[in-house]
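One chain, chain A, appears in both complexes that follow, with chain B as partner in the first and chain C in the second.
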Partner chain A sequence: MQALRNIGIIGRITMLEGARKQVFHVLMLFAVFLIFGSASLAKFDQHVQMKMLNDLCLFCVFLVSSVVAITITVTGVPGEMEQKTVYPVIAKPVARWQFICGKYAGAMGTVAIGMAIMAATFTFLQLSYAGHLDMAMFYVLPFLYLETAILAALALWLSTWASWPLAWFLSVLLCLLGNLKFPLYDSLMARPQSGFNRVAINTLYHLLPNLESFNFKDAMVHHLTVPNAYLWQTAAYGIFYTAALLTLASLTFARKEL
Partner chain B sequence: MKQIIKNRAPWILLSCILLTLGSVTLLVPHHTVQAASPSAVSHSAARPAAAVAYDDGDGDELLEHWNSPRYGAEERVQIGGAATGFLLLGMVVWGKRSRRTASYAGLTLVDVSDPLKSEFLKSEQSLAKERKAA
Partner chain C sequence: MKGNKPMPDTAIRIQQFTKEYPVPRQKEKRVAVNNLTLTVPTGGLFGFLGPNGAGKTTTIKMLLGFLPPTVGEAWLFDRPVGDDRARQRVGYLPEQPYFPKFLSALEVVKAHAGLSGLSGSRAKERVETCLRQVGMWDNRHMILSKCSKGMTQRVGLASALVGDPDLLIMDEPSSGLDPLGRKELRELLTALKNDGKTIFLSSHLLSEMESVCDRVGVMARGTLVACGTPAEITQAGDGIRVQIESAERDEVLNTQIKDWGGTVEVVGEGSAFLRVPSAFVYQVMGLLETRRARLVAVTSQRETLEDAFLRLVG
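For the complex of A and B:
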């Protein structure tokens, strides 16, 4: 119970700190501008226009949420260490894993605020163009949030052992690789490879997160049905992967000399 | 040696990333457009190309990834891996904790090297004997 309280306190402060950052405000303005801009880009008949609008808006939500999550998480722990604000916290009866979980929860809180703003803008556009709300939004957006949660956990783990610019760069690289996992694997395995290469490629393939799994944008755009079993499995997958990365980050941070 | 590697770690990592990026751009499939002969065109029109397992023929293989058994299988493999990792970690933590508890228990019974502690233990034992006798 005390652990949850500690995580809650650190999370609240991190969330407020993140929401007050200039980069967050700029990114939010950029996102709202992009979402409204996508409405003017999609100039076709109403049916195609809605498809394009949904596609562009969801892509914008994913892009901006990912950038916010990576930027806030990557600067969180190294920033605290640079400003030496981590020492008074660690000196209190707060375990290091609680500190890491608190920082993560706070960053995800900031991402949730950002996503809520973008979702509100998107809803307004949908209501004004189509006159009704697409119900698929209620599962497409949570899965985008889960994808961002994996990215944030990955960035947090990287920031516990690398400097923040390097961690940011690696996070973006892993995000790209995670989205291109299957085509990249197919193209690699289509060529003749040595035994060692095959083992290395297969290991990396199974370690990389499969971020494309969380992309249900096409289901919303083309009005397709996604099986419930797949949705549950993907949700479990996201939660497991995030928990594994957070455990790894906690272990790395616990061994770090401060 | 370790310090030298630690100091140069960012540069080593940067070169690794550049190499990775370079190899990724080389590995991504490049489709070259070739002019097909009229006979080849008629042949391909008569017989459609072999369909990919998760391709529904709309030209976008990734459009319906939820219908692909490959995605589901990979997710299950990774969930299993994470669960095994948690189980192993739990076993390690539990083992460490039980060993620590056992060593503490041993300390109270056998450690009499500390004179203060041994005096305390002696007095405790004598008190216990007196209580028993009473």
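For the complex of A and C:
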């Protein structure tokens, strides 16, 4: 139980610290501005307008949440080591994996605050333009959150062994690759490849997170029905992928000299 | 919880601690700590001295599990330092403690109370006691980015104390404190010591250490060069200073003083200071009578901890 308490305490500190930073406030203002801005871009007949509004707003939510998740996690552990704030915490009976999980929980808490602000703005716009709330939001946004959770775990693992600028760059790169995994794989495999290259491409294909599967934006925009089983499978995949990355991050951090 | 367990005799036991760092593009390694064996008994204040780069902070980092030793082992209250539970009874104050700067002093100390396993009213009570003890209660809602260096140091001290630890490890605790703060710290350390706590303290402020430490260890170039009570460490340089007035330069007196291992320092017309080991005090008095030199003053020339430190690491 004390382990869970430790994670909760470190998470709370990280979340408070993250949410009080000016850069977070600026990003939130920027996000709200973008979401309102997307409403002025979507000036067509009401049906098309709602589709465009949903599309642009969800893209804004994903973009800003991803930036917040990657930036907070990628700077979290190296920042603690650089500023020596890690010492008083690790000197307590706190295991290294608890520290990593706490930092992660805090970062995701900050992302949740940000997402809640953006979702509230999005809801306000939907009610203003359509007069009703699209219920698909209630599964589209949680899956967007799960996608950022994978990104944050990936960034956290990278930050345990790479410098934060490199970890940030690699996280953004992997975010792009994870979202373009299928078309990229198809285009690479369509060309003649040597045996080694085929193995390498297939390995990378399976190792890279399948971030596109968390994107239910199109389903919401085009009012498509997503089978429940698929939603559960995707959620389980996201949770297991995140858990694996957090385990890797904990193992790397446990061997680190502070 | 901890009160049920009997207190082991040793708070810290270090056996052959060695830490080597690879030097880029070189075969040989830099030795930060070399074969350090040290025992700190339970209770009392142990001063860990040494110049910059002597290996004090590296030793503390290894003790707290931040760094693995290249060779050697250590135990805190008989638990190996690799075990996270070894730090259950330890409070740590790093040199210039840093905390998340957007948090208030109260939030930081409260969080550390929770990490020490305290909750509910006990945690609340300890947080208030510790913040009052370090003089930060009135400024408890102040955000740390607005706190001075000394105030942050006080918050660090409160965070180290909040878990009511049996062993306090402090790295330069008085850095950043003003003279009043230092005096208060000395009083607090004495009170904690009287409470039965063990304090392991690294400091450069040797005069302060001398007045509060029960035992000291002196590190130089990664090696422990002396360990014992301040009296044991300073004993070798124990001596007296005799001020005399003599009408003329007395070569017989000078030669005899030098034979006893002393020195003669002429400070003016017919006035001189003799420095001799205290074992020769009566012989010196006899010599002065024989040589008809006028005795002005005799003062104890006990070597201070600082003198001993300089002699040992010099």
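Structural remarks
Operating definition for what follows: the second predicted complex is superposed on the first by the 258 of 258 C-alpha atoms of A that agree within 3 Å, B and C clash if a C-alpha of one lies under 4 Å from a C-alpha of the other, contacts with A are read in each partner's own complex, and residues count from 1 in each chain.
Basically, a residue touches a chain if its C-beta (ideal position, glycine included) is under 8 Å from a C-beta of that chain, and two chains touch if they have at least 3 such contacts.
Bear in mind that the values here come from a model prediction, so they are computed numbers and not experimental data.
In the three-chain model built by superposing on chain A, chain B and chain C fit together without any clash. A count of residues in chain A touched by chain B and by chain C gives the higher number to B. Of the two partner chains, chain C is the only one that A:83 touches; chain B does not reach it. Once the two complexes are overlaid on the shared chain, A:197 sits clear of chain B and of chain C alike.
Contacts of A:12 after superposition on the shared chain: chain C is touched, whereas chain B is not. Once the two complexes are laid over each other on the shared chain, residue contacts for A:222 go to chain B alone; chain C is not touched.
In the superposition on chain A, A:247 makes contact with chain B only, while chain C stays out of contact range. Seen from the CA centre of chain A, chain B and chain C lie at an angle of 80° in the overlaid model, rounded to the nearest 10.
In the overlay built on the shared chain, the residue A:94 is in contact with chain C alone; chain B does not reach it.
For the pair chain B and chain C, the minimum alpha-carbon spacing after aligning on chain A is 5 Å.
Chain C contributes residues 61, 64-68, 84-88, 90-94, 96-100, 102-103, 107, 111-112, 114-117, 119, 156, 159-160, 163, 169 to its touches with chain A in the complex. Listed in rising order, the residues of chain B touching chain A in the complex are 10, 13-14, 17, 20-21, 24, 27-29, 60, 62-66, 70-72, 74-79, 81-83, 85-86, 89. Within the complex formed with chain C, the chain A residues making contact are 2, 5-6, 9-10, 12-14, 16-17, 20-21, 83-85, 87-95, 257-258. Across the complex, chain A meets chain B through its residues 162-163, 166, 169-170, 173, 177, 180, 182-184, 187-188, 206, 209-210, 212-213, 215-216, 218-219, 222, 224, 226-227, 230, 233-234, 236-237, 240-241, 243-244, 247.
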